[in-house]
């Protein structure tokens, strides 16, 4: 499978990413037909586990979106399992040090670049002719989350780790870490300055910067600012907002 | 449990009803917090079966919405099972004759009004003090769908069947039956005339009329016209519309 | 697999039957180790469907209890499916006429005795050497429920239908049908008289009579009265009673 | 979605059909990549229900096989549900009379040809541009099973029912009905004569004839004889045969 | 949601806690109506994983019991996930050192007290008005298990870790660690002396002490001794005991 | 339960092991009847998680195969959970050092040999009379995988760790680690030399050597070479090969 996110980034484009918290293949397959470039199964805060991730991937597969996962933690067992399941990108929370970034890359790459174990049980069938193992080290996106003061302190060292394709910013956790309220679509100057630094440092290294957003309007603004991977809420968040609005209008 | 839909109807109010096609309790529990009066698990066209209906009911229960089901067909086995699971209303597709309406009432009521078998395994625990069986015949809403020319031909006879609390109109099937395109939010004069007849005949008998809608604006208009039970699309339809819109805005 | 219930009945013994409402294989496998002769998955009022029945059967299988099912309704599709899944007995609710009893037997027997379709996907592996189809017509118990006034009116005609191995009495539904409260462990003289008639008529024909009970003490009394198949509540009922008692004792 | 089975039949070709008894999307997606033209979820004798059928369809969808279902029984609720789920063909067991064949066609076709209700929740997304409802009556294959003496007695009347695309023969049930052993890959002259009659009568009417087979060699012979739809065992049967053979060889 | 366990402890009362090993929402919802103050999903030794925990929580929610989890191990990924799912208490096995206790507190608290990541997908909806994140650090109970000799050696250091609300004793593991048989409801003087020390040291620090029990009578005795959190077996254990007893009585 | 693998090894025999990637109890129960000595649920590269492992064990249990698990990673939480679920053998990937081997043994043994926590919720019921905990340390097989250059470098130290019953070789990962293609059934002299060393060193210590194979013919050759535990592909691999072959033959 061509990694359409990687290709978009090569040509300088931003990608719009979906986010799945509902552990259901039917929901995922309908959501995957809405225009997203990639769709990420959120195994950290979403109501997802490994088998629901597989089910969501099965629902998504016919619809041409790049399958990604946010793993619950930087741990080799689960990183290996979601890659075998067919993830073409791994977003990993709370990567705060160079060592943690190196570990993540190790878990996600086959030797000699890493220590991933061979057995791409579903991933292998995305490709053609059994070529998966030859191209996976290049195709699979490794994306640590930068979302704490510690990560900012170690930013350059993290970004210099070979094998990192992008970073992803969680604005709520970043805020909490800095003593602010946990929320999305932030406007604080302090945060804006951090975003600018992240964009500058990633851009310098040919790494994409991603951001989780609460509204499509803010996401669009962030694309213009330079972010190359934007997500808007998640499946259930969009549904709840739409339902609340529908009820109000129907009641008049 | 007080049947808040029945109470609303008694006081002349219309209710806004949710509709679940996603077979998942988490999705259902989030959706149930959006302001609906009742939420219906759609076992006919939704991706739902009996156990997913139970799961959705479990997700909905803390949030104060009346649980209802659209059964896949007018069949005693499944009517009994969803009532035992806790449905306080049964919407039944394709009720076209007086005999079919009588059968539906029979399946949904305990003796002597019907032939429902005793065993309200989840329903019993909605109540308090083991009173469920004493009040169920009054509390459970029996709602045949009027959605074919045959049903219109037999309308008065259907409505005169004792034990019917409301009717529900499926505009797509009604259209198909009349040789029109299957769609919601219809404006054809021929259909409007049918709606007027339905409202008149139901109103005369103290029966509520319900309608499936594609947009909240149309639903609001239908409340003003006299419908007492309006649904807007379903969970997945609202999510898909919201997601398509978010992608477009984010891309700018 | 030897049908140990049939063997017990041949030697004049009563069997103690378990009843599963919890749709879970782990729960079923633990429950199956408690001393029951047979365990019945209740697909009518239990929270069970076809796949949960299969799962419960899988949990029960190592533990030597005869697997039975109460089907939700007298319908050929589901009778065939639970037999294929490995049920060695089918309890069918609301069999009120000779015609309904004949239909049930038809659904449960291979030609020439009935119209069951061949394909015992799990049932076949209970046996050895592919002999299942040759013995199934003899081994599988067909057990209509007698639980309405209509059934009592037609009792002899129902019992005379060839192929019926036992009847099963639902005291709650029987009570409802007679205008009494729905409850188990009844003591009304009117009901006792009915039980005596049922025992006499079944005994005369070499048919076993079964009864659903609320307490083991009452079940024991009914065995002494002549019932050959007694059930005590179900899995969840026993658990709830035990839990309520434990909480009270712990609080002192 | 183009109905590749229908196209093959138009050009006079036979199709090789897979058969799913394992209720799992992963198993289905791997099996769907083995070269079948169509894959049928067996809800009659397979360990399948409605939601496992949906899961199998999700697993199959990216791999270009036509999704079909064998329903458990000729019943409008389940026929409607599997079509909504995306089945492009319905194989229905035990169709023994013209009336049963007419009923099946009714359940499977939208008005005015039948009484199918509108709501193709997954099926709609196989197509493009919302055209599903306009083409479904032509695209969806209606395939009654001819597997009893009664069906043979009524053969011409059944085949003359408008809307039937093919018939499917269950050799085990056919054998049982004729007083023979239930088995596949039959060689009895009596059966061969029946097959010849079926091929002659279907061919005359432009209807395809299908057959369930136990070995690929026999299936190939049947294609040569004129059958246009051949199935070989099912997923689990092929696996079990392969596993038994592997164990033997490994042991030496 | 008010933390009724915390409130009970403040007023000096003991709480009676349920324990779920059966991975099923229906079983959980029935069990939750038996009078427990809190119900703990046992993800260590119970047949539970993350999604079954969510399902159990959904079943429990309407019935007013405090939801807690025993995690399988002291690991940040799973601690975060169960808190997001709505756990208001985390019981963690095998906390043997001060460092392990500190780690547990870190995983369970938002900054600045810990490193928990923001995203309370279900937990957020227990509260009202989006206040969850502001009160979670106070509301969520952190409960390390003291069940080895090493833990006893480090007891004071563990108890001095800020943020610990209670300890929980596993008598079987404690026994194994001390070279004794693994069992509940212990009476060995050596164990009693340990319990007295635990009660003294926790009481001194305003920390509650909890204990797993085999019978309600022993649990009651332990409440009198000073334990503030007592559990009696688990769901399946109570069911099995009740079923074995019922079979015996029914057989006479 | 007698550990038939251990007994076979004691008498010098090799065992043939099955391998489950399909997360389904029905598939597992059919596969378990094919002649395997043991069947391993592959939680590393198979589409399996904890609850699907439990389901597969339930399907396997009546059929006399020793239940084993390949865990996803060397982590105490999951090792404990699969043993409680009833695994009588744990195959652990990527054990590269003596310390890792020691940790694995610790996780798998009760005190004083290790730190496994007591609570064999399903495992306990395999035995009789509550003897499980007394024999588990002897019965449960601990099997580290040797599949990297690092592991070969540390081979003697790993093998000398007390409590290791066997090793298991993953030829694909071993190849990757040595800079070769990932594949099974290897013939490279370099690999053969490694196999000879492994057989010599394990044999010397009374430890069995196991190997994953792609064909039964190669597996048989490896038994002759001295391997005592051979696996052939997995459930889905055998099915896919058989299905591809069947399609080809049917097409002619």
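All chains are identified by letter, namely A, B, C, D, E and F, in their written order; residue positions are counted from 1 within each chain.
By definition in this document, a contact is a pair of C-beta atoms (placed from the backbone, for glycine too) under 8 Å apart; a residue touches a chain by one contact, two chains touch by 3 or more.
No experiment lies behind these values; they were computed from the predicted model shown.
Student: Among the remaining chains, which ones contact both chain B and chain E?
Tutor: Common neighbours, chain B/chain E: A, C.
Student: So what angle, to the nearest 5 degrees, turns chain B so that its CA atoms land on those of chain D?
Tutor: In degrees, rounded to 5: 120.
Student: Taking each chain's centre as its mean C-alpha position, how far apart are chain A and chain B in Å?
Tutor: 39
Student: Just the number, please: Cα centre separation of chain A and chain F in whole Å.
Tutor: Using C-alpha averages as centres, the distance is 34 Å.
Student: Would you mind listing the residues of chain C that make contact with two or more other chains?
Tutor: Answer for chain C, listing residues that touch two or more other chains: 21, 23, 26, 30, 33, 47, 49, 51, 54, 75, 78, 122, 236.
Student: What pattern do the touching chains form: line, ring, star, complete or other?
Tutor: other
Student: Any two chains that touch count here, so list every such pair.
Tutor: Going through each pair of chains, those in contact are A-B, A-D, A-E, A-F, B-C, B-D, B-E, C-D, C-E, C-F, D-F, E-F.
Student: Provide the residue numbers of chain B that touch chain E in the complex, in ascending order.
Tutor: 25-26, 29-30, 33, 54-55, 58-59, 61-62, 122, 125
Student: What residues of chain E sit close enough to touch chain C in their complex?
Tutor: Residues 16, 18, 21-24, 26-27, 30-31, 33-36, 47, 213, 216-217, 219-220, 223-224, 230, 232-233, 235-236, 238-252.
Student: List the residues on chain D that touch chain B in their complex, please.
Tutor: Residues 49-51, 54, 75-78, 80-81, 84-85, 110-112, 115, 117-122, 133 of chain D touch chain B in their complex.
Student: Can you check the complex and tell me which residues of chain B touch chain D?
Tutor: Residues 21, 23, 44-47, 49, 51-52, 72-73, 75, 78, 93-94, 147-148, 170, 172-173, 176-177, 179, 182, 236 of chain B touch chain D in their complex.
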